[in-house]
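Multiple structures follow.
In what follows, chain A forms one complex with chain B and a second complex with chain C.
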Partner chain A sequence: MQPDIFRMRRRQALLFFALLATLTYGAILITEYDTVKGLVAIPQAAIWAASNFVPDQEAFARLPRIIDKLVETILMAIASSTVASALGLVVALLGATTTRPHPWVSLPARGLASVFRNLDVSAWALILLFSFGQSAYTGFLALFFVTFGFIVRVMMETIDEVSTDSVEALRTTGAGYLAIISQSVVPACLPQLISWVLFMIETNIRSATLVGILTGTGIGFLFDLYFKSFNYSSASLVVLVIVIAVLLIEAVSNAIRRAVL
Partner chain B sequence: MALLQVDALTKRYGSETLALDQISFSVQPGEFVGIIGPSGAGKSTLLRCMNRLVDITSGDVRFDGVSVPTLHGAALRRQRTQIAMIFQHYNLVNRLTVIENVLHGRLGYKGMFQGMLGLYSEAEKRNAVQVIESLGLSEQIYKRCDQLSGGQKQRVGIARALVQQPKMLLCDEPIASLDPNSAKIIMDTLREINQTMGITVLVNLHQVDVALRYAERIIGINGGRVVYDGAPNHLSNEQIYQIYGSEAGDLILDLSERYAA
Partner chain C sequence: MEAVEQVRRIRIRPLSRVNLIIQATLIGLALLTLYSFTRFDSRGIDLGEATRDMVASFRLLLLEPRLKNVTALEMVRQLFVTVGLGFLTTVFGAVIAFFLGLLAAQNLAPRRVTHIIKGGTAFIRAVPTVLWVLFFAVSAGLGSVAAVLGMTFHSAGYLIKAYSESFEEIEPGVLEALRASGASWWQTVFQAVVPASATALLSWTFVRFEINFSTAIAMGATAGAGGIGFDMFMASAFYLDLRELGAFTYAILAFAIALEWAATRLKTALGPQRH
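== the complex of A and B ==
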């Protein structure tokens, strides 16, 4: 007899949700987490934030210093993104199937990229702290590594996707390797490259705040400083400034993206 | 002396797949050769062995007295300038203009820096414009290729091949993606190039009727072997069915013209 596929699907769904519920309940029991208490605390947290986490007169007096650090952080994020992308493009060219000079070069290039990509930016910052201490250089490198890994990965795919055909055509004209790269691969990939670099600049500005807390630089350091000295009104102004900056930069990069694509 | 001499050419992919099996033929300067055969017969691989887009497993290909299988580096590039190719999917850099794509045909004659920077001489640019105009694309010279129709793109592909000033033109399914009208323009253009400029043409075709109408000589390939090599008017219907490995009447063929003529 034909098994009833609808009944089977229903049973599968039921089983799945039963499993999920058991897991959740088990986790709550083991960690002794009080769900009700957690939910009740939300309004209290909101009330606290509304009364303490609001910029006051004193905080606005610190605005020039905050802006100064914000600019430093943004510039750092841009510098690490662009430098890492330039290097990432070169390694992506070595790794992509279409453009690799030799199949043996491809694997190390891919491996290198995945090592850099698969560690989170905060992990990189902590690792690099040992070598470079609490300096802007640590933050720069942490952002640099993650961006590099990401750009290599996405550009390898883009290169294979958009330029395989024209590379074949240019090889038949007798063009040399560098001519093929500069005359066909780069022009074909440029819009995607620009788009990904902008994406990484946005991401890195957000990450730079966290990295700054860890490495004691930039606007993350200011936030950490105010927060730990119970100066919540100034800390809240830092958060506000970061949110506005991120929104502005997103708007700018969206405009650039529309223009190039 | 033959322009192209193919001797016992064999190509294996991996250890299993035998794409070309002991293929031998020769082509005189100025010939127009149509290569027909079912999909997967090895037509594309055969053309790509001529300019070493694929490496040859065994056997010899001599072009203009030079043995192709052992060429590498600068010598291979020099050889490729003499053998131009056009493709089913045109293989243009779509984001670049027509003139830029056509000038890519000159890259085989460039040194590393000239090629990388895309430096073309005044004479080369003038010649490129002339070729583009002769193919009826004078309105499109500065248009981006993604704005062109399929037939126009293929003419750009032909222009890129012509500025190479080749002795031989390889055409891999040049009309397979075109409507009948554009296909006729492309085939007429190829014939004119062959007759007025004396360039040898090897063209892979799916359409038997087109091959019979345009080619002076037909090479039929099936299963990586040459099963017919001779004049189109000696090719019997039985032989066509043999090339395609099918029973009589199982092919969409309109050969009425042959009997009318």
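== the complex of A and C ==
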């Protein structure tokens, strides 16, 4: 007799959801999450926001300072993403299977990238605070490390995907290593690289806001300052300005991505 | 002679629109980077000295980790609080995103509804998670409730986009056939949409779990969410203890690398079925 495939599938689904429910219950217990309080808090927050979390005249007077800090944060996100991607591409070339100069170089390149990307930005910031204090270097390096690790990983995948055939073709013509890299691999990978850089810039603006709270820099610091002094209308303007900036940058990078890919 | 000259002048890589945009983007990014370095707020830090200091810190961090203010058992417990936070917000986010994702998919819902939901989620995603958490902290107080709500919001925003795009990849013929046979909307969803996109949904959800684990660390450090992130914050800002920070670093790295390994395995296992 053939096993009933529908019954089997239903039993598997049931088992999957039972496991999920158990784990969720366990997570609620260990994090001490109060489900009722959570559900009540959402409408409460909405009502509170409607009357208090709105920019007023006083907040708009602070707009120049907010914009200035926002520009600082965006520039930091762009600079760290760009520098990390440039260096990441080099290390990815050393680590990717098709382009590595020697198999032994690959492992340390992969390991380094793995350590860099698997520690969260906030953790990097907490470590770097010891040496760089509350300067812009702390945030820059924290974003740089994580972006670097991420770019190395995705570019290694891209290089192996895009250029295996062309590298083989060029190698049979006797082209040198640097010629192969600069004439075939890099041009083939550039559109993908640009797409990832833009993605990292979008992500890093949000991460830079977070790191700013820890290091006292940029727009994150400004939000924290207003928020902790109960100046909620100014804090809401900060949020609004961030949203507009992120959406604008997303629109620009989507346009570039559409043209390039 | 003239013919040779002409042959030489042929452009190997023509200056097409695509190449132009690539070059313009690269130059633009380079200029913005240089400009940002001129405005760098260094606050009197000597870069050379600080870099040497950083190397010394890394040595201490990586080679001499030890615990002092918390026990090993407590550290593991705090790590699991962070994992639990990431898990909980992923599950909540996924459940919300499943239903709203259906309503945001253009092949399943009226255009006006999809536009409203997609616009709303774009707004939610644009706000950094930490600001969502702090926002909810006003009415719920700093702690796990605010952290779960804030992180769930952002996760749902992310997953609605990912899910709805997976739903939109379903072949229109399948939906048309079901509709023609008189299947209701929910029947189409559960007989065609869910089976066809299940693997994609699973892999997006796992990606988000990885993100949420990282975010949970950050929320512990910045928004009072507890867990290992808070311990790291205390070790860094309060006890100034690099060795203890090193122990936490190893704990986080071990879990995160294991998670990444599992994600890669999952991706290859599901790989052939994904479009």
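Quick note on the criterion: the second predicted complex is superposed on the first by the 234 of 261 C-alpha atoms of A that agree within 3 Å, B and C clash if a C-alpha of one lies under 4 Å from a C-alpha of the other, contacts with A are read in each partner's own complex, and residues count from 1 in each chain.
Throughout what follows, a contact is a pair of C-beta atoms (placed from the backbone, for glycine too) under 8 Å apart; a residue touches a chain by one contact, two chains touch by 3 or more.
Since we're looking at a predicted model, the values are computed, not measured.
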item: Partner chain(s) touched by A:Val115 [first = chain B, second = chain C, both, neither]; value: second
item: Touching partner for A:Arg11 - first (chain B), second (chain C), both, neither; value: neither
item: Which of chain B and chain C A:Thr24 touches, first, second, both or neither; value: second
item: Partner chain in contact with A:Val243 - chain B first, chain C second, else both or neither; value: second
item: Touched partner set for A:Ala49, first chain B, second chain C, both or neither; value: second
item: Chain B versus chain C as contact partner of A:Leu190, first or second or both or neither; value: both
item: When both partners are placed on the shared chain, which of chain B and chain C touches more of chain A; value: C
item: Which of chain B and chain C A:Gly174 touches, first, second, both or neither; value: first
item: Partner chain in contact with A:Thr209 - chain B first, chain C second, else both or neither; value: second
item: Set of chain A residues, in rising order, touched by both chain B and chain C; value: 187, 190-191
item: Chain C residues touching chain A - in the complex, by the definition given at the top; value: 13, 17-18, 21-22, 25-26, 29-30, 32-33, 35-37, 39-45, 47, 50-51, 53-54, 57-58, 61, 77, 80-81, 83-85, 87-88, 91, 122-123, 126-131, 134-136, 138-140, 143-146, 148-149, 214-215, 217-218, 221-222, 226-227, 229, 232-233, 235-237, 240, 242, 245, 248-249, 252-253, 256-257, 260
item: Contact footprint of chain B on chain A as seen in their complex; value: 163, 165-166, 168-176, 178-184, 187-188, 190-191
item: Residue numbers on chain A that touch chain C, as the complex places them; value: 20, 23-24, 26-28, 30-34, 37-38, 41-42, 44-45, 48-49, 53, 72, 75-76, 78-79, 82-83, 114-115, 118-123, 126-137, 140, 187, 190-191, 194, 197, 205-207, 209-210, 213-214, 217, 220, 223-224, 227, 232, 239, 242-243, 246-247, 250, 256, 259-260
item: Residues of chain B that touch chain A when the two form their complex; value: 51, 53, 76-81, 83-85, 87, 89-96, 104-110, 112, 115-118, 157, 160, 164, 170
